[in-house]
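Letters are used for the chains, namely A, B, C and D, taken in the order the chains are written, and counting of residues starts over at 1 for each.
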Amino acid sequence: MVVLNPGPIEVGGIRLKNHLILAAGILGSTGASLARILRYGAGGVVTKSIGPAPMVGHPGPCLVVLEDGIINAMGLPNPSAAFMEELNVLQGEPVIASIFGGTPEEFRTVAGWFTGRVSGIELNLSCPHAEGYGAAIGSNPDLVEECTRAVASPGVPTWVKLTPNVTDITEIGLAAERGGADAIVAINTLKAMRISTSLRRPVLGNRYGGLSGRAIFPVAVRCVYDLYEACSIPIIGCGGVSTADNVIEMMMAGASAVEIGSAVIHDTRIFASIAGDLYSSDGLDAREVVGCAHV
Amino acid sequence: MVVLNPGPIEVGGIRLKNHLILAAGILGSTGASLARILRYGAGGVVTKSIGPAPMVGHPGPCLVVLEDGIINAMGLPNPSAAFMEELNVLQGEPVIASIFGGTPEEFRTVAGWFTGRVSGIELNLSCPHAEGYGAAIGSNPDLVEECTRAVASPGVPTWVKLTPNVTDITEIGLAAERGGADAIVAINTLKAMRISTSLRRPVLGNRYGGLSGRAIFPVAVRCVYDLYEACSIPIIGCGGVSTADNVIEMMMAGASAVEIGSAVIHDTRIFASIAGDLYSSDGLDAREVVGCAHV
Amino acid sequence: MYEEMPIGVSITRIVEETPSIRTFYFDHEISARPGQFVMVWVPGVDEIPMALSSSSSITVQKVGDATAALFAMGEGDVMGIRGPYGNGFSAGGRTLAIAGGVGATPLLPLAESGQVEVFLLGARTASEVVFADRIRRVARLMVATDDGTAGHQGFVTELVSRVDLEGFDRICVCGPEVMMAAVLRILERAGCAGRGEFSLQRYMKCGVGLCGSCCIDPHGLRVCRDGPVFPGTVLLDSEFGRYARDASGRRQRV
Amino acid sequence: MYEEMPIGVSITRIVEETPSIRTFYFDHEISARPGQFVMVWVPGVDEIPMALSSSSSITVQKVGDATAALFAMGEGDVMGIRGPYGNGFSAGGRTLAIAGGVGATPLLPLAESGQVEVFLLGARTASEVVFADRIRRVARLMVATDDGTAGHQGFVTELVSRVDLEGFDRICVCGPEVMMAAVLRILERAGCAGRGEFSLQRYMKCGVGLCGSCCIDPHGLRVCRDGPVFPGTVLLDSEFGRYARDASGRRQRV
């Protein structure tokens, strides 16, 4: 297996301890939880998505574990501005605030709360199961560009997280780039549903949800590959990553770093264990690996 | 588990021996192979997609088996009109001809070859890895409507198979309906890619391919559910079905029958074994089940 | 991973334990360790965490929407169950159980499997004392009620002074958080917080350790996965007894 | 299912067996039954089915694009391998092997595992006879060449009359289809088609029994999965020896 040189890296304006980042919405609701994941080996962490007003999320069931993936419809529960106190225990750590809003103005407001208190901002333009938010905006290139522009400014590293539930993801990636994004995160979950045959109704309280985990890895690799051909800003690969070899595969597709979500279900220390396989002092420089599958 | 009454059914103008249909492109290249699958319990079979001119398909690798799915980029290999002789051994059997073309005119031509020789026609407007064909047309509602109209006519039951690689699949389903389709088949494969980390290049000869099998089942259920809300013609569920309970789940989402592809890799007799679990003389009428999860 | 879709279970029998607490028996056996919990899906309403009061029952106090909807269900009605989840109580040793109200639920299977020697049970009033007869059959039961209508008048915590803590290898506790926090203080003073096992309740959404809504400060432990049972030592100097997060993730005093 | 991504193997040694046939040794052991095959990925060109001539080698005749690209590769170059696939030869019994040209490949591991008593080997000319030395070490070898430059002058089928078919429990055959069809006719006449095991070649795309490109008439059997080895009785009255389908699925005479 290809292995990489260890050591801190910088991607899209953000300094990370390694290439492995905790994805948004996974154990990201409290400062203590984020600190735990950093302690357990993550190179950086993304918070739960925070919006302009507190939300309690969708009625349950909110998440179901499948054989090869997970479907969830949390509904973006978040305490809004009250989340700021969670950051107290994370001073100086590589924390990326995931934010969402219904308008460019709302994005700007929420981003403002975080400015100066986190390493960067990730725009959630991609949650597939929150009406008026996330993918509702994220499948419209003009809105993506506007929301990105409302947040991106010098000194505020801005990442934009894309939905794969569009006909052409590169169109959205290019819109984020035009809006001033420092990096693209691909992908959020695939719009999906399971039905309980014994209860004869969709199993998620919200009916629709997002599919994540191993099942979506081939779709995520394809999206990263597409975006690498189309865009010139760095890409953070996300979706179904669960081994060091998956990380290398994402990087060969064009990712400069990866986010890991669902795989945390197996082990909160998965970042350290992947890092153990991924890094070695005689490893390659990541620059030799990123995008090398574009032959 | 919910079980169904056995017996022949009619869906979208086509009479089938049961609800379980062999999906296009799976063991559908020869008449003898299709006859074998019928002998082994399928209620109907769809042929490999046949186009206006012979094609040899993409260079290999054309297919890779993953832990929870399959990626393929066959590239629509087909002998074109020469395929007609394969039908000789299938006289009177429930055979659906899958066809493709680059224009409505080509669709009409190919459909013409089959008219009167098969139970119905399925338009492949959804293959994600053949330039100028399949999803290239199938993500444009106007072209979908035109191609469907070019084929659909009284006495020619016409099914239209949709791609999930669009922002809104219901838009495409409605276009097929306007074009005169008798049924919608959902879904074809998800656009996907895997990279060989040891060879440092995409593993499929065509680089891109389509993901099928268990991994895509939650996406397929979601598409069927969406289409059932939007359209009024019957839906054939396809994508990741591998158990009788999956069949029931697809039907509860709104499918009147299902197509099964990748699961054949486990067992060519899977149709008989699913039917064994699915049917019982004290089972429900399918009408009680189809769409019942829309609460 | 294996598929963990909720299984549909039919309610076979409903027992009114107290005016506010009912036990719902269903037609499935769930093999779980005492102290593990399940996610109970009340169709069309919500999904909520519940301890198992036996391998085929949950015992529920009506407190809000989902529990009220459960109370509106009758025999033959169907709900969804996924799990069991969480760690459950540790195995073995001489055991003291301390329960407040419906908190007796996870402790009942522990007692009925013969693992509890002494069971201290608190309730508001006599009619709200749950499982007393069943517990008496398998353990020495001591009851306390706030109004003195049964057993000792006062808090269940006051019963603790009547037992010899030294004689127990573990002290399993479940009830309202203020009561559990009081027990923890007693154990700490007695120098045996490490033998205390506290079954916590926090707002849960996923139940499998992914979403983060049940995490407790300062270690970021997940009640649904690292718990719900924690040793007292882990809870000292934690948010326990002080605050918890609501459905949006905001902190609220307990 | 488990993931069957092609593994990358490095070529460690290339042996020129004949002017048109080379053996490529690689740095991986593939545990397979004799007669199973692998899909060989020549990066940037194509993926083609190949028998294993040992657990870490393939033996290739240059016939077109992909095999030519293989011939252009050197030590240290990397190719992809997935498999093994297919059924392989049956187990055991006194065995006669009959090979034509590069068709000796799947029969070599059978012989080298001590399972072949007599090995009939045909080739166009002396320089195209493969594996003769290795086979001679483990079995009684009889050679035929079209031009008589080695062994019997004529077709390998003519050697069959020199052995006592009755003495063999199985007769394993691999070579050009016209040659195999001729052997089948001989076995049929001798009343022992059922003891013949023929390793077929058909155009393959998936290798795992899904795509249908390798299916043979009239039973619709898949050469990649139900084969590549079929008993002679299954091939009587089949397309075998008459036609095969090309990459587009069109029938072509063989």
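The working rule: a residue touches a chain if its C-beta (ideal position, glycine included) is under 8 Å from a C-beta of that chain, and two chains touch if they have at least 3 such contacts.
Small disclaimer: the values here were computed from a predicted structure and weren't measured.
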Practice problem: Can you give the shortest number of steps from chain C to chain D, where adjacent chains in the path must touch? | Solution: 3
Quiz item: If you take the mean of the Cα atoms for each chain, which one ends up farthest from chain A?
Solution: D
Exercise. Could you give the separation in Å between the centres of chain A and chain D, each centre being the mean of its C-alpha atoms?
Key: 50
Quiz item: How many angstrom lie between the CA centroids of chain A and chain C, rounded to a whole number?
Solution: 35
Quiz item: At what distance in angstrom does the C-alpha mean of chain B lie from that of chain A?
Solution: 33
Practice problem: Two or more other chains in contact with one residue: find those residues in chain A. | Solution: 66-68, 194, 198, 201, 295
Quiz item: Residue numbers in chain D touching 2 or more other chains?
Solution: 44
Practice problem: Once you've mapped the touching chain pairs, tell me: line, ring, star, complete or other? | Solution: line
Exercise. Go through the chains and record each pair that touches.
Key: A-B, A-C, B-D
Quiz prompt | Of chain A, residues touching chain B in the complex | solution = 1-2, 66-69, 71, 139, 165-167, 190-195, 197-198, 200-202, 207-208, 211, 214-219, 221-222, 225, 245, 248-249, 252-253, 292-293, 295
Quiz prompt | Parts of chain D lying in touch with chain B, wherever the complex brings them together | solution = 1-8, 39, 41, 43-48, 78, 80, 82, 205-213, 215-222, 245-251
Quiz item: If you look only at chain B, which of its residues touch chain D in the complex?
Solution: 25-37, 48, 54-57, 59-68, 70, 72, 74, 77-80, 82-83, 85, 89, 194, 196, 198-199, 201, 203, 205, 213, 261-262, 264-266, 268
